[in-house]
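One structure is given below, encoded as structure tokens.
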Amino acid sequence: MNTPRVKEILSWYGSDNPGTLTNLARLLNHGKLAGTGRLVILPVDQGFEHGPARSFAVNPPGYDPRYHFELAMEAGCNAYAAPLGFIEAAARDFAGEVPLILKINNHDVLCDEKDPMPALTSGVRDALRLGCAAIGFTIYPGSSAWAKMYGQLREASEMAKQNGLAVVVWSYPRGSALSKQGETAMDVCGYAAHIAAELGAHIIKVKLPTDHLEQEAARKVYEKEKVAISTLADRVKHVVQCTFNGRRIVIFSGGPTNNDDAVYQEVTAIRQGGGFGSIIGRNSFQRKKDQALRFLGKIISIYGN
Amino acid sequence: MNTPRVKEILSWYGSDNPGTLTNLARLLNHGKLAGTGRLVILPVDQGFEHGPARSFAVNPPGYDPRYHFELAMEAGCNAYAAPLGFIEAAARDFAGEVPLILKINNHDVLCDEKDPMPALTSGVRDALRLGCAAIGFTIYPGSSAWAKMYGQLREASEMAKQNGLAVVVWSYPRGSALSKQGETAMDVCGYAAHIAAELGAHIIKVKLPTDHLEQEAARKVYEKEKVAISTLADRVKHVVQCTFNGRRIVIFSGGPTNNDDAVYQEVTAIRQGGGFGSIIGRNSFQRKKDQALRFLGKIISIYGN
Amino acid sequence: MNTPRVKEILSWYGSDNPGTLTNLARLLNHGKLAGTGRLVILPVDQGFEHGPARSFAVNPPGYDPRYHFELAMEAGCNAYAAPLGFIEAAARDFAGEVPLILKINNHDVLCDEKDPMPALTSGVRDALRLGCAAIGFTIYPGSSAWAKMYGQLREASEMAKQNGLAVVVWSYPRGSALSKQGETAMDVCGYAAHIAAELGAHIIKVKLPTDHLEQEAARKVYEKEKVAISTLADRVKHVVQCTFNGRRIVIFSGGPTNNDDAVYQEVTAIRQGGGFGSIIGRNSFQRKKDQALRFLGKIISIYGN
Amino acid sequence: MNTPRVKEILSWYGSDNPGTLTNLARLLNHGKLAGTGRLVILPVDQGFEHGPARSFAVNPPGYDPRYHFELAMEAGCNAYAAPLGFIEAAARDFAGEVPLILKINNHDVLCDEKDPMPALTSGVRDALRLGCAAIGFTIYPGSSAWAKMYGQLREASEMAKQNGLAVVVWSYPRGSALSKQGETAMDVCGYAAHIAAELGAHIIKVKLPTDHLEQEAARKVYEKEKVAISTLADRVKHVVQCTFNGRRIVIFSGGPTNNDDAVYQEVTAIRQGGGFGSIIGRNSFQRKKDQALRFLGKIISIYGN
Amino acid sequence: MNTPRVKEILSWYGSDNPGTLTNLARLLNHGKLAGTGRLVILPVDQGFEHGPARSFAVNPPGYDPRYHFELAMEAGCNAYAAPLGFIEAAARDFAGEVPLILKINNHDVLCDEKDPMPALTSGVRDALRLGCAAIGFTIYPGSSAWAKMYGQLREASEMAKQNGLAVVVWSYPRGSALSKQGETAMDVCGYAAHIAAELGAHIIKVKLPTDHLEQEAARKVYEKEKVAISTLADRVKHVVQCTFNGRRIVIFSGGPTNNDDAVYQEVTAIRQGGGFGSIIGRNSFQRKKDQALRFLGKIISIYGN
């Protein structure tokens, strides 16, 4: 049965039908963090996004689609997210064993445009036939192709919600309008999170922001209003505020492999700032499985305490 | 994770997509019998089928749609099955807490034809928006309206399977072509179970058969081939055989209130005969909740041993 | 703003989208009973159902479609319900002035079958283009055409709910399976109300029941369980119980012209029994307007106290 | 590659697209009779049509859907035909191993009308998703429901042909308009075969006719024109003539268990009369598998010589 | 019947329906390599892609669409792949004689953009009416039009899979983002193969990679992780790894006419590296038929040993 915290979270989604709430509950009630309102999700779209060798050569079992289902299950993650092929290749074998998020658009780096625009690679009907709890969709606010992406999200999202699925949006600022530093700037990250929420996302994934402020008009306000952004926990708290004052689930991505302790500190900061969890791909599957399980176990225990 | 038994059961449904397998797994992995391959389901369509007072006056909390969700959850049933209104009235409150089966056709007794034909009362789109794991559909083999019912089931079933839902068929022989005794005759019950399986049902619900043989042509075969039908366990075993030699889930209904010990003996016989479980409505919700919980607890413990 | 009572009522409709809740709120928040959770609705489909002269000759202004909009507005009713033509003929003139319920099926008495089956006379798209808050639909439980009606309601209802409309069901037992007395029998009336609720109606309209019990199987239960049905208030209370223990709006129709005091007593009984209001057609528009306003004013004041 | 005989047969279907020809070729090029233009097909719809015990009790492995795939494959049949459930239950296990014919309508004998009308139990979309080469459809010429059946066949057939499937029609005269003897009368059988051909069937299945003549108007012509119908070979030859003078594939059913030698003689007569083969259900699966393989082997060898 | 190897291969496609498995089995079970799990496919789209004279002048019988069907059949290839016109022109003549792959998009060089984008030239409905086992689709990863192509593939693929067809993807890196050498670079080729697999392809066709590494970020990983790519067999093995660790069928194209022995060595390397076969167009049909048959015979014998 749903914990009070899960019931509270579900109560924020009053315009969604019980089907979508049921799928949100499936995500919130699976794995070691079941019922806590916190989530750790394993995403494996790096094969598509960065290329297979860059993703899996360091830990070759990751070339096998079954590996990631098993990793997500054994680690006690809330869900596993991947593009069509990786899901199709093992969904029958693990039917009902871990909630799935079908990543329905993807981007590769063989043609890495300054203003990226992902391709639609699967859809809501695929998510239904494969038993997924949610679709996942990436937008690149700041890309000149932004409006087309938002429009595609709108269409997929409408259909997903009618059919009782949840919608997870990866909101990654990127494009010729932003400096490299700006992609993780506090103002930009908060803005990107808010856009995803306004587009109707149920779960929002953003990168952890720095204390850089990219846009001049924003910087003035942050300074005038003395918005606290000096610590990572402050910045997480502000992102949470930007996503409907905490009434949308917002989770944070881990980025490339890192010093483990640094990751644990980030997770602690996310927790302190009121973030809902992490989505950790490369840092998980780019190490031996036993190490990955220890690593994810530690992160989960930070959230679970 | 799926137990070996659940994996074995899912392996029988090779023509279904992973979405449908996921929903079958949701049914098999919920409640106190999770993972055993056995199911106890709470159905509450008697308000529609027999009228509200005949259904709920004896235990008035049952007039409230929330009561049955709670009963199914507290008893540890695998699922709760009901018509549209009862599901709609509480699906948001209990989203994700118990697998739901939307009964999409129903029959009332205000116009009780000799050859009954239920009305379509909801559909696959409702099941998706309400977060149900399956649709439920009643057929009355033996009714002169049989072909229309089978045709409606076919259409709903095709759509359910495309969208990753499971299909539960109530196969209740009834109609002017059958004697009253014939409705639960061994040959008729086995035939009804087989028809449901041939129509593509994933889960089949029939009444417990007696040792009566209704059809002359069938009687000759049962006698010549010495099909064992003398004990209830024998008869359950034969029904299981009739549903693809055990490769479809077949469960048994309880009928009207009864001596409890008689019910426990029936359940023991279902278990011995290789049946997959029970669907118990009136016997559950037509007594005080604490008694119902004890009663269902006992049944579940018989299956679970 | 919604009163606590309106908020409570809306909370019962958790599977409906905010669009449908908004239209329910429009009905609950209009007229003199706004915010009380009680409704008095003016329906004028008698022209179609009984013929124009039988309906309007006694008060000829009623031939004019604008008359009924004005009557509903001046009396302070919550809504006005009528078939397509009557709505179309004045909807522009009174746009936004009174919530409308488009009666999308109708039956005439030029061919008055023993087992009546209404015709579909308009639809959800009409309701949307005409600015209606709800569709209205009549079912005749007990007619041999019952299953066809329920199936048509199902389809209209699915579409109405998707588009944010409310669904009002007139549930009038009638047909060769019932005696004349049975049409308003306690058991039959409660059953008919329950069926409408199970079919997903938001608002249910039934006739006031007598203490007659029509069906033998039901009678036994009423007597054994000592269901209180001796006073009209008792019987209203039981109908309310039959519609999800009070968690659906159920209102009562007035029937043919009557002694006014008798009507007021009926209304008092509805109020005492926990009914949500009245739908009063012939008794309103078959008298001069000033008398009608006095009459409706009295009824509304009984509910409003 | 296609033999000259297969090429000749395909040349008769000039209005069908290459997809349908490809599926006809799949049927003609599989099993021990591959390339001969002759077919022996295993049909197993008796579970649905007569009941499971009457069908399988004599040889219980037949309760298992996998058994019939294996029997058809091991015997070297051209194809296996069955209703939805039996196909779904094993299609993945034997994908590509034997051409399948999905029987999309079926009739049971729990309500055995004088004028039978089968139910639609699956459809063209099912046939495509299950990898079938053809749909199978039963018509009962002589039943008062004949026009509805022909109309349903027309719709399914149109869709099947658009999608490159073949259409196999079981044409079984039956109904209140015919005497029992008339069901297999020479004139009736030839007429039924012709009707199926006119309805666009690619493969037609009829019962072996007797020399009885049922219809007076027909009898006069048979006698006046001295149509040869005295031997079984004559009668087969006449059926072949009735199906477009041999330019449609017509095969014959075996009926209930029989003296084996009688069956072999029938098959010899079919061969002599220019029939294209046999469809043999009960006689195959209602004996032990080794006996069934010997029996089918003998039949196939008669056709193959 | 399917060999154990074919059964193993089919087991990787657990999210596909039995229809798609049946068509995969048709490809795997045809020609001289039937049952080995290896494939040699004849593709003839060069007339469209490069122009007819460039394609067929060297061996003029190749202008005739029937020639290629005959070549594929006589050589014992598993399948023949071509655009709409070439298939339409001979599909009736050779119905059922060789599995067909309908190439549903094509690119010509009359307008040869730096960033190529093929045109949709036929579709799934064509594939069904023509009796094809699969659709074929070319993507050009690295072209600035990549996202549009992937999106078109997604739509065609969804429809193909629903209808039981297989999906073959030609994944040819090309476009302004890549150097000429980069088109066949190891990292790029592995990436392109992985993308096709993630897009849901059942069979993936790529060019044989060189040991060049095109992308700096990839090069670092290949060197750090010491991915073996020095021999052609190593590189094939790595491509196989990049396509779900060997759980997708990946075949290799031959490119322009070459020294025959060099081709045999390439084929030997594909076999050693665990590749599933070759798709050989120009090298086959751009020589006299007897030479082509010898050439293909030799290649097939290398795979078949």
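Labels A, B, C, D and E are assigned to the chains in the order they are written; within every chain, residues are numbered from 1.
Throughout what follows, a residue touches a chain if its C-beta (ideal position, glycine included) is under 8 Å from a C-beta of that chain, and two chains touch if they have at least 3 such contacts.
Model, not experiment: these values are computed from the prediction.
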Ordered by label, the neighbours common to subunit A and subunit D are B, E
Within the chain touch network, how many edges lie on the shortest path between subunit B and subunit D? 1
If you list every residue number at the subunit A and subunit B contact, are more than half found on both copies (same) or fewer than half (different)? same
As a test of understanding: of all chains, whose mean C-alpha position lies farthest from that of subunit B? E
Which option, B-E, A-B or B-D, should count as the same interface as B-C once over half of the contact pairs match? B-D
Quick check: how many Å separate the C-alpha centres of subunit A and subunit C? 49
Hey, how far is the Cα centre of subunit D from the one of subunit E, in Å? 40
Just how far, in Å, is the C-alpha centre of subunit E from the one of subunit A? 35
Between subunit C and subunit E, centroid-to-centroid distance (C-alpha), Å: 66
Where subunit D touches two or more other chains at once, by residue number: 91-92, 125, 129-130
Among line, ring, star, complete and other, which best matches the way these chains touch? other
Chain pairs that touch, as defined at the top of this document: A-B, A-C, A-E, B-C, B-D, B-E, D-E
What does subunit A use to touch subunit E in their complex? 47-48, 50-54, 57-58, 60-61, 63-65, 83-93, 106-113, 117-123, 125-126, 129-130
Within the complex, which stretch of subunit C touches subunit B? 12-16, 115, 141-144, 146-151, 154, 158, 173, 175-178, 187-188, 190-195, 197-201, 215, 217-218, 221-222, 225, 227, 238, 241-242, 244-245, 247-248
Subunit E residues within the subunit B interface of the complex: 14-15, 17-18, 162
If we count contacts the way the header does, which residues on subunit A are in touch with subunit B in the complex? 1-2, 6, 10, 17-26, 28-29, 73, 91-92, 94-97, 125, 128-132, 162-164
